[in-house]
């Protein structure tokens, strides 16, 4: 028997559902056995784990499910292998149906390295009930959001209630916090060739937006220590009017037994900067083929199966995770499972990829640390910007 | 007059310092997620429930983690004690050339940040075919604890009056017998302490455990408990419950054990 | 365990080495397990780290490893991030090592008393240690949290404004020190408690009869007899303080603005996150050398007075 | 001033009752020697006085004030521990100086006192050594010195000279005596050495089975042991205690022992009482000339063992009974070193009537002379 | 068989030379007593024999084979440590049994031997105790027991009875003697007790300053001490050593001491030699009748101190010199317990000429009798 070992990081990536798929695959492919391995819940720990294995050229995993920020590095390090040789024309079909952004993220130096497994993005959650109560329409720009939050905060007058909850601790989510308004101004950090094209005024605008909101108490002062989970809990407890978070949070708000915002949750696209576009941060998980796999062809075939729209449809229906294929957004069954799908689609269409570079880890560190420090007030916006640009220049020189 | 209350204050501070976090964990384990998100925070659980404990046991094989951790910690502790006993005895009681060099090399083992050793360690363990087994952890843990255990044991061996060991040798013991039958029992507090140090080192360790032993069946506790968290959420109540299950019995067990180790073991042996 | 006795023994052994064939072979067999363990587990990784530190190995560059001599070290010495991390790490040492020693000593003394509250004291002594390191930092990050932290809750109840401990560099340092002392004082206390247990009662009795106050007894009997245990605790506490990683990382991730980044955090991110293996290895070797220097200062300064 | 009074002191260890209702008054400035068999509780008693152990019952009263609750450091007593308890990490000098320095005694005064004590104890060359590098006797001397340098109000010595050679022991004994005379401090002294007990003590307390068997001056204890235990315990070789077959005259005025008549009219006794006869080895004379004409009994004996000690010879002899069917008795006699005797030699032993000690065999108590008895009744 | 021979044993500790060229032959089955001042190196010597310490120079030869390199375990010797060195974590029973069980003795045999030893040492009730719960004397007995249960070929005792009461000490001494007679094992015994030394020893070795000052039978040592040191060290109270002013007759046949003539013709001496006169306290008689007509000298003395010891009395006396300008001498006399003397009493002391010991004041060596001297020259 050929054993194919698939790495599916943690419980959030639903190895249980993929097991069912694997069973199906085994049934139709005699002689192939599939084992699913996992390590820890967070992307950070999974990366730690994988980097040890792959650094040691370990063949124990054939297929890897990776956080979308990782493939570029892994490919540069030759830890994962391109899929082109195994896919042929199917490659085009998959890319065509996938979210447009995947053309950027999955093709590395022209080769297809990953296939989408699950998609995700940053969304703006809001309290439908509160906005409705005060007759406020869901905000389309940050100014509107600020106004809405201030009105409601004043009216409600609850000390625990926050205007906007977002991530400001030096974690990966804060990279998005920096990029959201930056992208909204139509700017990128890197050009297509991986050269730094940081637009300082736009970056400054971006940071100033947050410090402004903090000053006006729409965002709490301690945002510098807020992590993704804190935002979830705050909003879930009914203590935030707006919250920026990944798509998974919707299930928590809507389905958790102790949620206080059940049926009061709305989703909108990320507000835009003045005159800007609605841009959001792409997340999700990708399939990749380990370069140290001893069964590359079989694994590629398995990946094709796992990444096929049919399989994704199954996962989506069973797990309520956002599908990476556009066709599924019009699927009635899927819409039934994910009621907010129609709100999610426009946001996803505006999704941007975080900088694609082999040195993403450093880039991410710079962005998150400096942004967090600015949000925490230990650096001024100017100092923060200076720090960001100097360091990025050094890293990407 | 002023000194007495000062001493009691100091004692109280130390006690609170020791207990508070564990107590907080205990309280948290009876709270709900939502209660934690409240401001101002609550101290006592509003609606105490054992739900988190149920979750702790049903969401992940907590007992399996406990068992794994226990096995790994115990075996590595025994291995450490075995190796450290020999080393400590050699360093303190036998004539040895390059003693200081050996000593410094031993201590130096503790001076490399483990993170940088991770990849080569993985390669070694793979070479030994130990990846994803207890062995992959037992060996490095034993090494990690070896320096401190050796020095602790050595400082105890040195406290054992030489004449007691001499008496044993006159009674017909080889040095080895004297070590195991006389010196070691008389160093019981030291052996025990070294044991706890090694045990808890192993019990605590996360990084190696994650990298070298990720198989679901042999995962240890710190790695296992982190599985309760979501990708972005950290459910303190359930994790607290798991921690309580993991820590409190262990700590009490150790204390009970420790209470049985009498102090002043060598009194009555020597005149002078 | 003093180096001095080791040296004198050595002279002794020179004079006697002819007579001790069996001792030499016994020493060999007794040391064998330790040597085997070390040889198996330590030698290759350490050699590899030292080797790598002379190469430029970035997994994300196209070229393979390239020998660059001391370039990594020179880079490190010019890197302001390194210097800041060294300063912060040393500051952490300077505060948390004596801090843990003091708290640990207090706990050990309490736990060694013959009283009915010894049991709870020993539990209090052990609990911080038993709580896995991976969670300790998180718990303290939570305690010092602005909104949900128990420290700020107390401040608020006492009528003060809450402090964002982890967002203000000085307070962040303070919080990290508290957490580190809390976590590591158990280690110290355990070793010292064991040391206390070996001090014969009769010596306390003698001192007490001579009229020594508690403090004098402590100063002149307990402390000197505890010195060997103290040494062990001190050396290892210092080494591990120089390696501080988990607690600061869990509490502040090195923030705000890298202010609380320790050398170990820097090494970790460099070698593991950035995959800059060569540079990370050089930093690791530097940390190793720093540990060597600091602990040999200790050994020299403190062994002088003991035994 | 340090008048110590022990009242109904009682102490258990686990199940064993070590000290039973010890009552003892020690005058200020008195030198009391405690003596008793190994394990009888002497050290325990000292430790109770010093405050290191606590009595289960009873009071330790110092100058009229109960000090049961007073911690040792406030009692201002000095104790020479039986097992020394030296500070292993301090030099001999520091061991001696410690008690002074913690009291803030000026350096020069410490120096001078320590030097003086060291000289006295012949430790001057060893002041910079640590205890581990000392011989047994040297350690013991340090332990003594540690107690002597301090100006305690009460000195407690627990077999302080046991590990010293005879010569040094004699010198030390003298020094302690001199010190006692100079300072006039109360001292309690445990010893197994008869010479020390006899020469140092104002009074001796003989302890047995947790009780004080006899308390009295050395002469009292030696000359009129209150019990067979004390009689057998004090003196080396011990007093010969003989349950000789003995018949009473009808009027109770005399007894027949080994065929000889001994007057017993002066004793408080009844004719039916079983009697034990005590004879000190030094009162058994071979040469009747030594009797100086006192009335005596004569015993026939055969020498069984001769132990020449130099100055004297200890002879073990078998008494030849006039009636052969009785068990044989063995006695020890203390003969002058120059007395020529050989093994197997038959000879006669003479004991003056005045040197006979009479005990009640059953109770083991000394038989009082009638006169004393009458006095008691009159009082 | 265990014939032990020490050859030129030398030992330093740090700078101090502890043992200097010790030569000693001990016959199989001999009982040798080591005696010497505190700190002279007795324990060190025993430890070298047992293999616990190593001599810097010299050989330890057992039955003709050097055992310098033999580890203690293989020497099959038993040592009673001066500091006991009990196993604190084992019960008394296990302390006694350990040496047997480590050698694989059957359980029942161990049980029986331990019980026998415990009975002998009166430890039967204490077998389940740990050493910490024993009195000093009890610990010492355990230490003895541990050595006795084993069938060692050589027994080493380091002041084994020092902490026992007189009675027990006498009993134990007898037991050891009996044991020695029964087993016929070689024994080396360190003691400070003169009685033990005199009664137990086949030969006594007196050590001083790391050398053997005299080696001989107890009688030898006592009656003909080879040096003033031995003379002053053996015997308690010690021999009186007097540098009396002394004039020689012109023919060298007699000397004038305190106005009296003493024949010295039999001594190997020169007229100019400074002489120390030794007189044992027991040879100073008050009653001239004790001289039995021997020629004697008479000293005028005043009693300064009386120490009654019960069986005897030690009197310290000041000699009254015929010429007043000379320093005064103090002597101690051992008087019978019943001798009535009072402080300040003037009296005459008599010493037989035969009881005078003559020493060369400078070298401290005994003056030989000429006859012996001639013999030596002839040989």
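First chain written, first letter: the chains are A, B, C, D and E, and each begins at residue 1.
FYI, a residue touches a chain if its C-beta (ideal position, glycine included) is under 8 Å from a C-beta of that chain, and two chains touch if they have at least 3 such contacts.
No experiment lies behind these values; they were computed from the predicted model shown.
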Smallest number of contact steps required from chain A to reach chain C: 1
Omitting chain B while every other chain stays put - resulting connected groups: one piece
Where chain A and chain D overlap in contact partners, by chain label: B, C
Fitted rotation between chain D and its twin chain E in degrees, CA, nearest 5: 180
Chain pair with the higher count of C-beta pairs in contact (C-D, B-D): C-D
Identity of the chain that, by mean CA position, is farthest from chain D: A
Centroid spacing, where centroids are CA-atom means, of chain A and chain B in whole angstrom: 39
Distance from chain E to chain C - Cα centre to Cα centre, in angstrom: 59
Chain centre separation (chain B, chain C; CA means) in Å: 15
Geometric centre distance via CA averages, chain E-chain D, whole Å: 23
Where chain A touches two or more other chains at once, by residue number: 48, 55
Contacts with two or more other chains, residues of chain B listed in rising order: 36-37, 39, 118, 123, 226, 234, 264-267, 270-272
Residue list for chain D, restricted to those that touch at least two other chains: 82-83, 86, 136
Residues of chain E defined as touching chain D within the complex: 13-14, 35-39, 41, 43, 82-83, 133-138, 141, 158-159, 162-170, 192-195, 198-199, 218-219, 222-223, 232-238, 280-282, 307-312, 314, 334, 336-337
Of all residues in chain C, those that touch chain B in their complex: 1, 3, 6-7, 9-10, 12-13, 16-17, 20, 23, 26-27, 29-34, 37-38, 40-42, 44-46, 48-49, 103, 106-107, 110, 112, 118-136, 138-140, 142-143, 147-150, 153, 156, 182, 185-187, 190-191, 193-202, 228-229, 231-232, 235-236, 239-240, 242-243, 245-246, 264, 267-268, 271-272, 280-281, 284, 287-288, 291-292, 295, 307
Residue ranges of chain D touching chain B (in the complex, touch as defined): 82-84, 86, 131, 136, 139
Sites on chain C touched by chain D in the complex: 200, 202-203, 205-213, 216, 220-221, 224-225, 307
Chain D to chain C touching residues, read off their complex: 50, 52, 71-79, 81, 83, 85-90, 98-99, 102-103, 146, 150
